[in-house]
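Consider the two complexes below, in which chain A is the common component and chain B and chain C are the respective partners.
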Partner chain A sequence: MGVAITTPDLEPAPTRPGPLRTRLLPYGLVTPSVAVIGGILAFPLGMLVWLSLQHYGLRELIAHQGEWVWLDNYRAILVDPLFRQVIFRSLAFTFACVVLTVVLSTLIALLLLRVRRAVRVIVMSALVFVWATPVIVTVDIWQWMFDYEFGVINYLLTQLHVGNFIHHNWFDNPLQGWGVLVVVAVWGAIPFVTITVFAGLLQVPGELLDAAQVDGAGGWQRFRFVTAPMLKPIFLIATCLSTIWDFGIFNQPYVLLNQRPSSDYYTIAIYSYRESFGVSQYGLGATIAVLMVIVLVVVTFLYVRETLKVAEIQ
Partner chain B sequence: MTGIAVAVVMLFPIYWMVITAFKPGRDILTLEPKWFPAPFTLDNFKDAIARPYFLEDVRNSLVIVGVMLVLALLISFLAAVATARFGFRGRNAFLVMIIGVQMVPLNALIIPLYLMLDGVGQTDALPGVIAVYLAVVLPFMIWTLRGFVANIPAELEESAMIDGCTRVGAFFRITFPLVGPGLVATAIFGFIQAWNEYIIAYVLLSSPGNQTLTVWLASFTTNHGPEWGPLMAAATLTGLPVVAFFLLLQRYLAGGLTAGAVKG
Partner chain C sequence: MRFRKPWVTVVSVAVAIIAAACGGTSSDNNNSANQTGTLTVWLMNGSAPQTVIDQVNADFKTKYPNVTVKVEIQQWGDIGTKLDTAFGGSTPPDVVELGNTLVAKYAAAGALEDITGKKANFDNSSTWLQSLTDSCTQSSKLYCVPYYAGSRAIIYRKDFFASAGVTPPDSMDGLLTAGQKLMTAHRSDASFSALYYPGKYWYAALPFVWDFGGDIATQSGGKWQGSLSSSQAQQGLTTLNTLVSSLSRADKNGDEAKQDAAFAQGHVAMIIANGWEVGVILDPKAGNPALKDQLGAFPIPSHTSGQTAPVFLGGSDLGVAARSKHQDLANAWIATLTGNKHMADMATVGGVIPNTTSMLNLGTGINTTFYNAAKNSKFVPNSQNWASVENANVLPDMLVKIFTKQQNIADATKAASDRITTILNGGG
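Presenting the complex of A and B:
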């Protein structure tokens, strides 16, 4: 999902008093959106919570009627050792991906400021190309490049004397497998974050940077004390969105492991999917999904709070 | 130099897909990779297109994205006008909702969406998927379009009304044409989101003739492992429309998405 880059401007637009028809018009205009978003996003979110409090298996699915069990699902999940592993792995994976994505994207965006126009157009086009390519397509490509027998990565690493990678299977060792997933996720996330940060960099007034330089600030200091504070809102949104995407990741591990990932490669979303659509424990699956949403709500809350703080300072 | 290196690293996987797709089988499975498709062949593409359900799934993808986009543009435009042009009670609540729902990961909603659509007999049917995609793209499209509409001075409309246009007439003659680039930019966004989506389509559409291209692509792997040539050809075909659509309309995007989003 994409997201707008600014916070909403909360001051009300000027209201012109008019006849009743004119006053009702805006409500008529937003009704379809409210109906669609309410019915297909908000209602299911409520239903998810409701499901997580029920035993909902195959029998209940056929009867369309769950069995109310209050917090039993939560008790079962919270003592489940696999769930703890999955949470821990997801958090570590998210942390690695978000840090790498934001740092690399910022470096590329800074680089874009300094290169010639032609080079900038080339890099931008490359980023847009990657961004527009469907995730499933990119996962298939990476799967081919990391193929243990004929993959180009094993060949290159061997040729570059990094080690002997002939017939090296990256997914035998989960740590290496997750490393591959980090590469795939970060590569896919870099275009959006880079373009966003670059758009922000263009808005930093050149006079400020010049003034800092006159005052004797070096390159790093200018970035640290002039550019970075001005880009804080953009870094916040990029970090927040990356966290949401990486923590809820499903497609990359699922397809990279041929739609049959072993439990070593479960992310929270895959675990929830397996519990519900794999073994028909929809109640438990919903519980896992609710816990995932809770973690992300906390992250989002921190993000919104920081954004409001930044808005107040400005 | 570093800039070119970045471009090369980012583009290499896509280059590798395309040239693999054009290589004959014996040049794909080599221990020492061939960097160019020296003997050049279209066999992989012929093979991919001839696979079962390719045409059905192309049609499904087009129908889903097309219908969804028409509805989404219409609905989001109405909401954008309401929030950019009118002050009304609940406007801020509406905007906060638009921002808030984008923070909920779609992956978490699959179970209730499935059960809900199952209840009304819309699993394994395109309308269910269209409805879900519509809800997914709407918040961003409303927000972006709102920025575009807000950037067009209301005075333009008012002067048209003084010259004798009705309110509706002024709107369609003045505001609507000016917001064109915004509609294109948001349409590109919606197209990419819907065309690339995988998990909802994978869960909701169970019979092979009803699926979309991304699901078709992910089911390419046989028990003997993937056949890389046809798979890369199929991947190229799946990615092609998005990239083409994007490049075709890119000039409208010049500042489009960010301008609409940043200027609120």
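Presenting the complex of A and C:
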């Protein structure tokens, strides 16, 4: 999590070039990581693009030989009305999750500053516990919570006289179902963002906040004009990572809906998986995955640009 | 040459050792004792009881003492994904159990060995169940060996029927009337279902479509045409919808995976189920053995009084991977499992319908109903693209839309029918 708030003042770079060995050293140091990233990211991504330009069904998979169709897969996907729905749904879901995650995490982090040490330790442990539990296990528990017949939520809501929730299926109505998915996703995302924001809050100098208070700034104003600007890089990173995770969400809806989500619950990752392994159209599945990467690159580019700007100012 | 001789000996011995270690089938095919290698077998969860597998392997071992058999049990849930990747790889399992609706897809893609010429090596190959043989056949070539079949009937609680004063009905109307009486008798139980029917249970919807003369799709001139929107099919689904809305409190968005557990809990009078599900209901851990004497079964009645509705004949086949390096051993293992001795065990111990008509007399007690149901059975469109229809959830989605009233029957069947036409004709 070690996100530095301020970059230390660097010595100006020496103008006189050193001996060859010194000049090559940085490249030598960076080579292993470039090689690893190339191996585990660039190569599969390249394969994905290569696959997306072919007609690649089960027969081709078994023969290890695809049929080159250039951009036909992209044309087919871009006119597919389901794909548009899925993209829209994934974006709306991502937006809702990211906003809720960042807002709730910030509130919890601010609360952690105020509470007693013991409470803080308990809350932090609970957060780490949530973060550390494998996602399949947590989703299984959520599935039981929202179960149609034996669900805890249905039982509680009925006992609390909120209404008759016996035999209520939360996924009958897609809007409600997506609400459940947002809850599950946000619940899983809060720990990381909270701990990151909390770490950032500890770095905000107390004198600045005291000075603002002396000048008559209220709680909201102190947050808005002192804390928030100092935490901007952290918010940017947290938002950027949350966007990437929520946009590519797969496990939660897939497991929650018994591995057979109806098309109302396709996220873009599930749609890609269904096309690939469901109907054995690996070329189309790869195309969807490539489009997903493109959307993410565009979105994250904006964040990264902002982050760099902030870094330059500081 | 004097100096080289020891080298020649060493090299030839090494070659011989390597050949023996790598070669699954030695040059002398007739001498089974000399064959070595490891045979990988994929069986599905719940197909053969462990005792049967152990005996098959023991018998195989006496004939092929130097062959190791590795039986790996697979789950049904995402088997399509696993099969795709396994067949796409260079070392697929040698023997694969395939659901009978999946065979056409893998046979057409060239994943399975053509065993037409070896048919006579298998016991009872002349009396194999027709529907299973059909599922193994493509362009008059045989790609797998029928393994076992399953057909559905209605499992019911005798005590519930007796206390509500109803008897097993002999028509669909009778089923509704009996169900309504059961609902009235249990009106104080908010969880009670006279007929527990989860919304995505498409295998159990087919008898209703077929009974009124409808079908999933028809083929003419090499082209498939989805036909769920026909008036007959709609009539069947309308009847089913009435039954579900008046008799079932099961999850309209759920599948049949939990129905045996729900039945065992005692708030259910009837389920549409396979014969082997009786065992799940009575299982000491997952079910309730106390229900043993209360279970009965009757065939799904037709809308024509006194007749039964055609049911879906499910089942499994055993195929050999085209890329298997031990095809002869694989076929020999399949012949052992589907041979007279072990097939009889599959029926008596495993409770499934055996692969041959010559053993259909082995059904006893409650199983008789399921064996008889197999005689009036139908199958899904025999197309290499059918598996894609299944994997795209076309039928479950349609049923959920109907039962939850998101769409009326005409619109839902039209949408499903169009999608089926597209997929069966090769469009994704």
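Quick note on the criterion: the second predicted complex is superposed on the first by the 277 of 314 C-alpha atoms of A that agree within 3 Å, B and C clash if a C-alpha of one lies under 4 Å from a C-alpha of the other, contacts with A are read in each partner's own complex, and residues count from 1 in each chain.
By definition in this document, a residue touches a chain if its C-beta (ideal position, glycine included) is under 8 Å from a C-beta of that chain, and two chains touch if they have at least 3 such contacts.
These numbers come from a predicted model, not from an experiment.
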Practice item. Mind working out whether A:L61 is in touch with chain B, chain C, both or neither, as first, second, both or neither? Key: both
Practice item. Applying the touch criterion given at the start, work out whether A:E149 contacts chain B, chain C, both or neither, answering first, second, both or neither. Key: both
Practice item. Kindly classify A:S33 by the partners it touches after superposition: chain B alone (first), chain C alone (second), both, or neither? Key: first
Practice item. Answer with first, second, both or neither: which of chain B and chain C does A:V137 touch in the superposed model? Key: first
Check your understanding: Now for A:Q259: first (chain B), second (chain C), both, or neither, which partner does it touch?
Key -> both
Check your understanding: So, A:F277: does it touch chain B (first), chain C (second), both, or neither?
Key -> both
Review point. When the two structures are overlaid on chain A, which partner does A:D172 contact: first (chain B), second (chain C), both, or neither?
Key: second
Point to revise | chain A residues touched by each partner, larger count belonging to chain B or chain C | key: B
Practice item. Please work out whether A:K309 is in contact with chain B alone, chain C alone, both, or neither, and reply first, second, both or neither. Key: neither
Practice item. Could you pull out which residues of chain A sit against chain B in one structure and against chain C in the other? Key: 61, 64, 149, 166, 258-259, 277
**Study point:** chain B contact footprint on chain A (complex, rising order)
**Key:** 1-10, 12-15, 23, 25-27, 29-30, 32-34, 36-37, 39-45, 47-48, 51, 61, 64, 108, 111-112, 115, 119-120, 122-123, 125-130, 132-138, 140-145, 147, 149-150, 152, 155, 166, 187, 190-191, 196, 199, 240, 244-245, 247-248, 250-251, 254-255, 258-259, 269, 272-273, 276-277, 282, 285-286, 289-290, 292-293, 296-297, 300
Study note, to complete from the structure: The residues of chain A that touch chain C in their complex are 57-59, 61-64, 148-149, 166-167, 169, 171-172, 258-260, 262-263, 274-275, 277-281, 284
Check your understanding: Where on chain C is chain A touching in the complex?
Key -> 77-78, 80-81, 84, 87-88, 105-106, 108-111, 190-191, 200, 249, 251-255, 257-258, 262, 322, 387-388, 391-393, 396-397, 400, 404, 423, 428
**Study point:** Complex interface listing, chain B residues touching chain A
**Key:** 2-4, 6-7, 10-11, 13-14, 16-17, 20, 28-33, 74-76, 78-79, 81-88, 90-92, 94-99, 101-116, 118-119, 131-132, 134-136, 138-140, 142-144, 147, 189, 192-193, 195-196, 198-199, 203, 214, 217-218, 220-221, 226, 228, 231-232, 235-236, 238-239, 242-243, 246, 250, 258, 261-262, 264
